[in-house]
Every structure is written in structure tokens, then in C-alpha cells.
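Quick one: structure below, then a few questions.
Lettered A, B, C, D and E in written order, each chain numbered from 1.
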Amino acid sequence: MIKCAFYLTPDGELLDQLGIEQIRHFLATGKGLLWLDIEEVTNEDTELLSNVFCFHPLAVADCISKNIHPPKIDDFEHYLFIIVHGINYHIESEVVETTELALFLGKNYVVTSHDVPLGSISSVLDRVRKDGRLMRRGADFLAHDLLDALVDNIMPTIEEMNDKSVAIETEALHEPERQTLISIMQHKRSILALTRVMLPQREIVNRLSRGEYALISERAQIYYRNIYDHLVRIEMLILGLRDMAESVVNTYLSSVSNRMNEVMRVLTLIATIFIPLTFIAGIYGMNFANMPELEWRYGYFGILIVMAVIGICLVIYFKRKRWV
Amino acid sequence: MIKCAFYLTPDGELLDQLGIEQIRHFLATGKGLLWLDIEEVTNEDTELLSNVFCFHPLAVADCISKNIHPPKIDDFEHYLFIIVHGINYHIESEVVETTELALFLGKNYVVTSHDVPLGSISSVLDRVRKDGRLMRRGADFLAHDLLDALVDNIMPTIEEMNDKSVAIETEALHEPERQTLISIMQHKRSILALTRVMLPQREIVNRLSRGEYALISERAQIYYRNIYDHLVRIEMLILGLRDMAESVVNTYLSSVSNRMNEVMRVLTLIATIFIPLTFIAGIYGMNFANMPELEWRYGYFGILIVMAVIGICLVIYFKRKRWV
Amino acid sequence: MIKCAFYLTPDGELLDQLGIEQIRHFLATGKGLLWLDIEEVTNEDTELLSNVFCFHPLAVADCISKNIHPPKIDDFEHYLFIIVHGINYHIESEVVETTELALFLGKNYVVTSHDVPLGSISSVLDRVRKDGRLMRRGADFLAHDLLDALVDNIMPTIEEMNDKSVAIETEALHEPERQTLISIMQHKRSILALTRVMLPQREIVNRLSRGEYALISERAQIYYRNIYDHLVRIEMLILGLRDMAESVVNTYLSSVSNRMNEVMRVLTLIATIFIPLTFIAGIYGMNFANMPELEWRYGYFGILIVMAVIGICLVIYFKRKRWV
Amino acid sequence: MIKCAFYLTPDGELLDQLGIEQIRHFLATGKGLLWLDIEEVTNEDTELLSNVFCFHPLAVADCISKNIHPPKIDDFEHYLFIIVHGINYHIESEVVETTELALFLGKNYVVTSHDVPLGSISSVLDRVRKDGRLMRRGADFLAHDLLDALVDNIMPTIEEMNDKSVAIETEALHEPERQTLISIMQHKRSILALTRVMLPQREIVNRLSRGEYALISERAQIYYRNIYDHLVRIEMLILGLRDMAESVVNTYLSSVSNRMNEVMRVLTLIATIFIPLTFIAGIYGMNFANMPELEWRYGYFGILIVMAVIGICLVIYFKRKRWV
Amino acid sequence: MIKCAFYLTPDGELLDQLGIEQIRHFLATGKGLLWLDIEEVTNEDTELLSNVFCFHPLAVADCISKNIHPPKIDDFEHYLFIIVHGINYHIESEVVETTELALFLGKNYVVTSHDVPLGSISSVLDRVRKDGRLMRRGADFLAHDLLDALVDNIMPTIEEMNDKSVAIETEALHEPERQTLISIMQHKRSILALTRVMLPQREIVNRLSRGEYALISERAQIYYRNIYDHLVRIEMLILGLRDMAESVVNTYLSSVSNRMNEVMRVLTLIATIFIPLTFIAGIYGMNFANMPELEWRYGYFGILIVMAVIGICLVIYFKRKRWV
């Protein structure tokens, strides 16, 4: 479904809502700049991509397919086919999902295709609609703006994940429940999945910024380099998240074990104090005929005092040894 | 045992069931396209490969040998010798086995050899039989179709392994038995074995797609690149499986320890509550002559109440400390 | 806010507190050496950087932005834009923070920009103020001095972190508390963060010393190489810190477990000694009519001696087994 | 001590037991092919290597020295000096030992030197003795045959180690003793040592097969490539062994802990059931004057039934909770 | 402090104890070979290095500084400046310390500088003193001899560390004390520190042996290659030490846990046997009026026998279950 079809004429006029015939016409002239955004590719769109733009069948197939494609860049001489990933983090479900953006970059056109609405695309769209300047610098700059918006959209997610890390760590430290471990593991796996998507992405932008492709002008390369720097920063932050997740696992395990130890220690101490006392009580519960203490007037009170002394001594000893 | 011997004449006619003499003839003409599929190499087949096709003795030896050969690609100038692996996952035995496909790719022929029936080969075979178009694009495209079918067959296995991961995790979390650990270890080793086979495979397809070999036409390279992209995706999925397996081990160990802790805690609490009470009972079981409480009318009931109060206080204390 | 604006005229005279017009003039002449240090970039400064120096908007944007930028080096032909990191270690908060220094290196000027006051910049500033010699060797040497001061400032922090490592290890060994683990984890994460900043930094200085940039004279390269060697040493020290942190985690866990074991062992031993004795007392507390020992004259004392002997024997046995 | 000194004359005649003078003569002619095998280098042999063959003193020193030399290949222009390792696995002592083979490969001679008898050398020796064909293809092919025999000899060891892995795993699972851990650790270290020797070996054979050395003819390279493929397979098997060893450690630790848990659980349950019962017995052992139950006719039997009911209830409760 | 100043004249005469003027003279002639060894650089020596030899100030500064410098090689065209590390292992303090050797290698001189006396330098010194031959092959060979002696001196340390590893392992297995873990950790850190020094060292010698520097003649390169091979061997041994240290940590932890388990198991068994028996004694200690067994003539002895039977049965049961 075509979401937008902008055309900036060489005269600087911005046309919207082009029909297929117009698109075919403008492409033939080779002038101006065309931006086509497609959401959920329909059969009609496939026709357009295959027959009007004459994109390679494999690239078109990638646009149609609902599978996840790792980030990549294919050079078809007259156009570049780029797949990049944004993030879609559902904080409630605690699962990171990446959203794909397929982008065809030609000399005088940019075609974007995605399955779900992307905030970054919409924001660029709005800015173009408000004022066409964004498209005046050429196709490579427009593609840059789209990628830049996509990458910028990653940052808030990273921050949310960071907050989540801190929250999980606090929970792991103070109230380690069985559920906590599952959260930690899920969180860690989210981070690892993120790393695996971001790393090739960085490599792709690096290649775009290195002058490897004729379609990216030298003036634009430095701007692509800027996206690259952003991705490097994002990677560093993700690595930080990973270290944190790693340490949270340790904290959790240690916290669970600490808590258990604490319980066991106190309980064992109580048992240990009463066992000798019960033994003494047991002695004077024996029925021997000749047990002089039993006849003493204050034998009973004496033995109670002895027991109290022993109990108190044990408590003091344990305190000294810092076992309590 | 020759499973199929197709020959597409330059006129577009599809011949099947060729004899050795015909094969020799067609190879000599250097025209058309020949596809020979061999299952379980017999002595006769060895003859054919060595004398008619004149393949290098080492390559023929690799076809005959029942050993496992890591994926590789050998360039013998007039033909390429490629070994790739598909997967044969027996969900019951929980062991991943890879199946080898040896493939000779010449200018106008493709020879495939394998020990066990391969679903991917059969499917291509059926499609050729139904309509010869598949062979019209040349040997490099035919080899591509075979490799593509092989790689596509890997995906369902990955999904099955994913399901198994989830099942094992649930088991590890809720009913960790000794058997669970063995399953986890086996599963993890399957995944590692898979990684080790897939990585060089990816490298091989990468080399095929880079124009390193003259036998792969430029037009075909982009299609090999597509297989490469599939393998990258598979690798990402396998890495995800690996992370999951890693976290399942942790979940299992933590789950076992949690369960043990739970048991020990409750039991120790019971012991701890009764030990002081038993001590009190022990005191009034002593046989001292002068124990005033024993003579009190409601001494017995009083002490029962005292015991109950102590017991209840301890339970409340433990509850407060969240030890129960 | 411009902190300093030095200009060394070709005649060797050192001017301070230049105005914008003067700066514009000196830059136009292309002679002498200008050093501008900016702390907390204001709008005015941005004007200066963009319009007088004509720096690339992206570089200027990096100076203004409060985000953390990973170390990098951008070559804009007429000038280099370098971002490097110093350390700001707050020993109390136990968190390592790196401070950014952005540096423009032109043929006859050096512009530095940072958000917080940097000790290394101030020290170079003082030395220039005292005697202008430092600026006589050219822009590349001045940039070297600034980087060198920055790198030298890292060493004391490393040493402090080392002291902290030792302190934490001692604590982990002798008084492992829950708080200790948090310190260890935080410390470890600080070290990892440091590693991630230092590694690209080393690579940047390496590129500066390899003659990759025309702005660095051959004579200066060996001095940049010297900074590189310092960074290699710092990296080795950080790796040592990392090993130490790793081993401290192990020490902590083992220490906690040792302490727990010790407590449990002693307490269990006490319980074990008294349980058989209590059993004996229990036997003679039974009310059977016919229990000959009860009537013996020294039965009671005899049984006390028997109990003492059993208790002593058990203690000796445990000692021998080295359980106490 | 010279074990064999074969010379294949250009006429195809095979001479054995050459003297030093003959060797010197044949080397001078530069025709035919000479194979000299030395076991435990004597002073005489050193003379021969240094003065007749004129090998570099460092290479000769490596032959004499009893130290272990990592696999390597040195190119002395007129000859190659290769050190490779076979395996000598003593299943009883459970230690993998590698045995060194030093090999000089010249245009028309191969000199092998080793300290202990090597099965692979003997087998090639026997085959040459039986029929000289093996030497007819030139020095590079003879060297290939020797290396191939050495590498083939590694496979049985790998299989033995695999069997051992399975045996250790079974032991770790069902009868984990302290001795088991030592076996596992030793086994793991054997595997790691093996990895470290095999990796550079693979690299050496790779270089031999890449046409880097003029002494290896193009026709022979593909055969060296075959050895390389074998080494890749061996490496994959060793990595599999390593994964297995890793998982066996986990299995062992988990198995020990499981067993301990089982013991503790059952014992604690017994204690927990009897503690409340003993408490009840303690109550009715108190000597209060007014304890109505004591006077009841069936008080005793009633309390016995109450105790039985409590005991049975606890057992049922524990069973339900799956603690037994 | 100059330790030695040898000069081998072109005529083969060996002069010792040269003065500064003589050194200046001989350097100017450019003939013969000069070896200067400096221990603990004094101001006078600094003068000599800076003004007579005209070494670069940064290289001289590295000689003076007491800091640790990672191994490196700097090419100053007319001379090489090399820093390498030997080992100084204090077996008592259990800490590996590396000792630095700074070496200037010119066309006709070698200058060595170190802070502490080095055994390897002394041994070469003695050999030169005894007979000048060692200096006859030129500066590159002299530098080789010095490096070779330094590297050879590492081997005994590796062996000592190996012995220590075995000793620690035995201790960890049979008498794991808290002190043991500290030893293990220290030992492991020593090994890691060693690895980090040795790795760049190997790279440096590799570069010296590759013909990268004109000052090393082709004939000498093969000898440097020999040192490289030694370093490869040392690295393999260090990696072996590392694996061992890793496994010792596991052994220690498992050993501690085993020992604790053993204690707990035996003690818990004792408790478990006596608890039911004490319960029985408690029953017959109850004061019910109607307890027929109490009146039986042999009730007491009967119950003693019953108790003995129960105790023995439990012991047999535990034995069968292999819990004792």
C-alpha cells in the first residue's frame, strides 16, 4: 500500500500522490527526486517495483517476504538495496523486536518498504510535507535522513532497557524470586539479540560512508559517517547493558544464596543453643534412685540459672564470632 | 546407484535415463546441460565418475568414503567440487545429524552424490521432471537451485529445535529432574555441532557469490548471494538458540537449588519451632523434689498456653522476616 | 565560553585574550600559531566555530551536544577533528566517568572544546602562559602536548582503582557482606567501561603516529608514538585490573561459602555430640518398673561419667578427622 | 641411527642400505630420489646432516634436541624443514602425548628424523620396501605420503578419546567420586593440549598446499589440500570433544550436588517427622500434679494413635509436595 | 653505571673499559663493534646516550624511567630501539615480575640498559670476556645472542611455575584451606600477566626475523626466527599453565564442597539415627497411669533391644543406599 509518493520537480515544486504513470514518466526523465513509501507490500506494489522500477526479483522478494532478514546492502549498479533494522521494544512483554526497513536508493529516487508503521518514516514524511527542503539535497541525503531517524529512534529503547536493568538489579538484590531469574534471562537474551542486529548494521553504514558506492556523493559521506558514530555509541551502550545483565545474574544467584544462608544460620543457631539445654533437662529427668541434686532445696532454681548462663554464654560466643 | 540422469538438449528437449555412452557423448559435445544424481556410490558409479567425467581421484574418493567431510570447495579448473551439509534432525533421539551432499559443477553438467535420500534433491528432481525450465538457465543456476533447496530444508529443523528449547526451559523451570540436565547438555551440543557445520558453509557460499569462480556467471552470483543471506539468517537463529541453551542451563541449576532451598527452609523452620518447646517440656519433666510450678492447679494448662504462645510468636516472626 | 585564546606571532611574541576579529585576521594570514580553548560551548562560540573557522556543521554539533561520543578522528582535509576521553574517577561514588575533549587540529591552530574543566588542559595552559616555548614547535606538537597531558592524567586513576581492588579483595576475603558484592560488580563494570573507551583511543593515537595525516609532521609522529606506548601500558594495567576483579568475584563467593560452611560445621558438630547424650538421658527417663540400673547406688554418677566419655571420644574423633 | 636409506635411481631401481659415500654421490648427481629415515639422532647422523646434506645448523639442532618444538615450516630455499606432530595416546595413563617428526624436503630427497619409532613411518617404509612405486612420483609426493600416514594415525586416538568421554560422562552421572573430577580435568587438559598442537599443524599443511613453496609441484598441492581437509575434520572432532568435556564438568558438579541433596532431603524429612512427635512425648513426660489426661484409662493408647496420625499426615503432606 | 664497554677493533682485538672519548672515536670511524652495557642509568650515562650516541630523547627517557614499558620496537633509521622483558620469578613471594632490557642496535654498536642485574647479560658478558668470537659476527648477531640468553632464561621459571601448579593442585585436592584459594588466584594472575608480556614480545621477534629492518642481515634473520620458535614454545607452555590454573580453581571449589558434604553427611546420619530412638525413649518417659508395657518384667530390656534393632537397621539401610 503506497503511503506516500513525493516528487520534487527540478523546478523545486513538490508533488504528492503521484499515479503509476507519473512515476514511470519522472523516472524516465532522470531528473528531480522521487520518494515512494510502501507499507505492507500488495500485489499492485510488487507490480510497480518489478515493472516500473525494474528492481531485481530477489530484492522485491525480500520486500514481500515476512521473514526476518539480517541487515545487508546489495549493490545492483543502478541502485542500492539496503535492509536495516529499527527497534520495537514492548516494555510490557519485555521482548525486543526489531522492525525491518527495506530501502532502494537510486540516482533520483528513494523507495522505502516496511511491514509495520515506523515512527521514524512518519516523522520524515511530516517534515517533507511541511516543507520540501529535505528533498532538495538529493537522493543520498534523503536516504541519510531516513536512516538517521531510524537510528535516533533506537536511543529511547536503549534507555528504557537501561532503566529495566536497574529495576531488575534492585529486585535481584532485595527480593530475589524465581520469577526474577526468568526476567533476567529474558532481558539478557533481548540484549544479545540486539547486539547481533546492530553489529552488521554498523558495518553497513560504515560501507556507505567509505565512498564504496558511487550513488553516495562525497558530501553526503560525512553525514553517513555521523550515523556510523551514533551506531558506535549505541553499541557501546549495548555492551554496557550486557555487562550489567551479566553482573545481575551473579547478583541474583549470590542474593538467593545469601538469603538462604541467613535463614539457615539463624535457625541453626537457635537449635544449637537449645540442644545442650535440653540435654541438661534430660539428665534431671532421669529416674535414678540416688540423684542428690534432686533433693536440694534450690536444685531446680539452681539448674534454671545454670541453663540461663549457658544459653547467654553461647549467644555471646556466637555474637563474638559474628555468626549472628 | 544413479537416481536420475537428465539431459537438456540445446533444442530444449529433456531426455531422462541416459546410458553411459550417451553421457560420454553429450559431455564431448559440450552443449546442453546434464544432471546426474547418484545415491550410495557403487563401483559402477565410481567408474563413471573417474573415467567418463575424469574427476580427480581425491574428489571421487570423497564421494565414496562414508566419513564426514567438513564443507569445502575445491577448484579443479574445469569443474568445482563442493561439499555442503543439510540437516537431518531426529526429534525423538534429540540428536542433530548433518547429511552430506557432494556436488560437481562443470560448464554443462552438474553431478550430485549423497549417501542417504535427500528431500531437497527429490523436490528439485520432481520439479525438473514436471517441466524442464529449471535446467534452461545453465549449470550454475541448477547448482544454485539444489543448494537453495538444501538450505531451505534447514529452517524447519531450526524451528523444531526452537520449540524443543522452549519445552526444555519449561521443564527446567517447573520439574527439574536429573534427566533434564542430560537433555539440556545434549541439546546444547547439537547446537554447537550445528554452528560448526554452518559457519564454513556460509563462507563457501560467500566465495561462490563473489565471482571467484569463472563457472558461476555474474547473473547467477546475485542468486548465490541470496543463499548466503539465508545462511546469515540461519546463523543468527542458531546463535539465538545457543544463548537460550546457555540460559536454560542456568535456569536448571537455579531451579534445582531453589527447590532444595524451599524444602530445607520449611523443614528447618518446623524443627526450629519445636526445639524450644521440647526444651520447656524437658524442664518440667525433671524430677527435682522442689518444683513449685508442678503443684499449681493450672500449671499444666498454663504451660501449654505458654508453649502455644511461643510457637505462634515464632511463626509470626518467621512470617515477618519472610522466611516462610 | 572562551577560556583562552593564545596567539604566537611568527616573531615569537605571545598574545592572549584575542577578539574574534583578531582571530579571523590571524587565520587569514596562515602564519603563527593559534590556540583556542572553549569550556561549555555557548551560542557565541558556535558562531565562531562555524563562521570564522568554518568547521563542518557535524563537528560543531558534536562539540555542542552533551551526549557521550566514542573516541574518533575525522579528517576534513584542512583540519582534523579528534574526540578523546580522559578519566574523571570519583573514588567516593566508585564510578568511573570519562570526560570528553574535542580537538580541532589545523595547520596553524588548535581548538579545544570540553564541557567540564580538565586538569590536563589547565596545566598546559599554565605552562604556555609561563613561557610560550610550548607553542613554538607548531600545531601538531601543541596537540601532542594536550593529548599527552590527558593520557598522563589517567595513570593516577588507574592506581587508585588498583588500591580499591586490593581493598575490595581484602574485604571480600575477611568480611564478605552483601554490600561487598555490589562494590565488586560496580568496580568490575567501571573497569569494563574503561576498557571500551581506551581501546579505540589507542587506535586513534596509533593512526596519528603512523603518518596517515599530512597535518602531523614526521618529527612529531615519534612523539605521538610515545603517547601510543603509554596507552598500551595503560591497557595492560587495565587488563590486570580486570583479571583481579574477576578473581575477586571468585574470592568473594568462595569466602561467603567458606564462612557459611564454618558456621554450619561447628554448629552441626555441637548438635551431633549432644544428640546421643540426650538419647541416653532419655533412656533413664523412661518409667519402666524394672530398670535395675536406676537402683544402683552410683548409677547416676556412672551414667554421667559414661556420657562424658562418649562426648570426649566424639570430640577427639572429630578432631582427628579434622572436622573442627 | 639410520633406519632406512632408500635410493630410487632414475632407471627405477630401488637401492637400500646406502653408505655415506653413496648418499653424497647421489645428492651430487641431483637425479633419482633419496629417502633417509633417522631414529634417535647419533653423532654420526649429525655429521651426515651437517656435512653431507649441508643443512642449516639450527635445523640440525632442532633434530638433535629432545625438547618439544611446536609445528613449524622453515624455507631454506633449497630445502624445506618441517616439524609436525603425531599423537601417542596412552589410554591407561590418560595422557595425550604428541610425537614429533622432523622432515627435510629437498628437490630429490626426503630426510625424516624422530626420537621414538613412529607407526606411520614404518608403514610407509614397508610399502616402499614391498614395491618402489611410492617413490616414483617424486620427493613432494613421498613427503605427502609420510604426512598423510601421520595424520591418518591421529583418527584412532580421537575415537579412543571419544569413547573415554562417554565413559567419563556415564561415571559422572551415576557414580560421581572425587577421582572422577580429576579424570575429567586431565581429559579436558589433554584435549586442550591437542587443540594447541593441531591448529598450527593445519596452518602448515595449508601453506604447503597453497603453492607457496616451489618444491611442492602443482600436481602434488591438491594432495596436500587433502591432508588439510583431514586436519579440518580432526579439528571439528576435537572441538566436539571439547564441548563434551565442558558439559561433563557441569554434569559432574550437578550430579554430586544432586546426590547430596537427595541424602540431605530424606534425612531432614525423617528428623522433621520425629521432632513434633518427640515434643508430644515430652509434654506427657512432664511431672505436673494436675494433668488430667494422664489418668484417663486409654490416654496412653490415645496419644499413640494421635502420634501415628500426625506422622502419617506429615508423610502424606511431604509426598504431595513431592519432597520425598 | 657502565658495566662493560667492549670494543672489537677491525683487526679482531678486544678492548675493554673504554672511556667516553674512545667511544666517540670508535663510533665516528664506523668500524669494529662496540658493546656498552649500562645498569641503573646515571646522569653521566644519560649524557653519553644523548650526546655521544645521539639517541632520540624519547628513547633515552624510556631508559631512565623506572616505569614498566610494554615490549616494543622503534625504528630510528640509524638504529633500532628495542624493549624486551625477561622474567624474575620469586618463588617465595609467588609473584612473577618481569625485568626490562632496553637495547639500542646500531650498525656497529649494541647498547643495553637495565635497572637490575640480569643473569642473561652477565652470561654473555662472561663469554665475550673469555673469548671475543661472540662479537665477530656483527652487531645483529650480538643482539641476537643477548635476546637468546634472555629468552632461554625464561624456561626455568616456566618449569618452576609448572611445579608450583602441581603442588597447588595437590593441596587443593587434599587440604583445601582458605589460603589455598589465594595462592591459586595469585598464581593465575601471574600466568595472565606473563601471557600479556610474552605475546607482544613474540610479535617483536617475529618482525626482527622477517627482514623488516635493514640492520638485521639476512643471515641473522634465521637465528632471530629461532628465538621466535622458542617464544612460540614458551607461549604454548604458558597456555598449558593457564588451562591447569583454570582446572585447579575448579578442583579447589569442588574439593571444598566435597569435604563439607562429607562432614554434613556423616553428622546428619548420626542425628537421623538417634532421633527416632530418642522418640521411643520419650514415649516410655511419659507419665500415663495406664501404660501396660512399663509393668512388664522385661519391658525395659525389650525396648533396649528394639532400639538396637532399629539403629542397626537404619545403619544397614544407609550403607545400602551408599550414604555413608
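Convention: a residue touches a chain if its C-beta (ideal position, glycine included) is under 8 Å from a C-beta of that chain, and two chains touch if they have at least 3 such contacts.
Just so it is clear, the structure is predicted and the values come from calculations on it, not from any experiment.
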#### Entry: Chains in simultaneous contact with chain C and chain D
E
### Query
Roughly how big is the turn, in degrees to the nearest 5, that lines up chain A with chain E by CA atoms?
145
### Query
Taking all residue numbers at the chain A to chain B contact, is the shared part over half or under half, that is, same or different?
different
#### Entry: Centre distance in Å when chain B and chain D are each reduced to the mean of their C-alpha atoms
26
### For chain B paired with chain E, centre-to-centre distance based on mean C-alpha positions, whole Å
42
## Note on the structure
Touching at least 2 other chains, the residues of chain D are 257, 264, 268, 271, 275, 278, 282, 285-287, 291
### Query
What is the shape of the graph in which nodes denote protein chains and edges denote touching chain pairs (line, ring, star, complete, other)?
ring
### Query
Should the ring be read from chain D with chain E in second place, what is the ordered list of chains?
D, E, C, A, B
### Message
Under the stated contact criterion, what part of chain A meets chain C in this complex?
### Response
173, 222-223, 225-226, 229, 232-233, 236, 239-240, 243-244, 247, 250-251, 254-255, 257-258, 261, 264-265, 268-269, 271-272, 275-276, 278-279, 282-283, 285-291, 321, 323
### Contacting residues of chain D [partner chain E, same complex]
56, 58, 67-70, 72, 74, 76, 178, 181-182, 185, 188-189, 192-193, 196, 249, 253, 256-257, 260, 263-264, 267-268, 270-271, 274-275, 277-278, 281-282, 284-287, 291, 293-300, 303-304
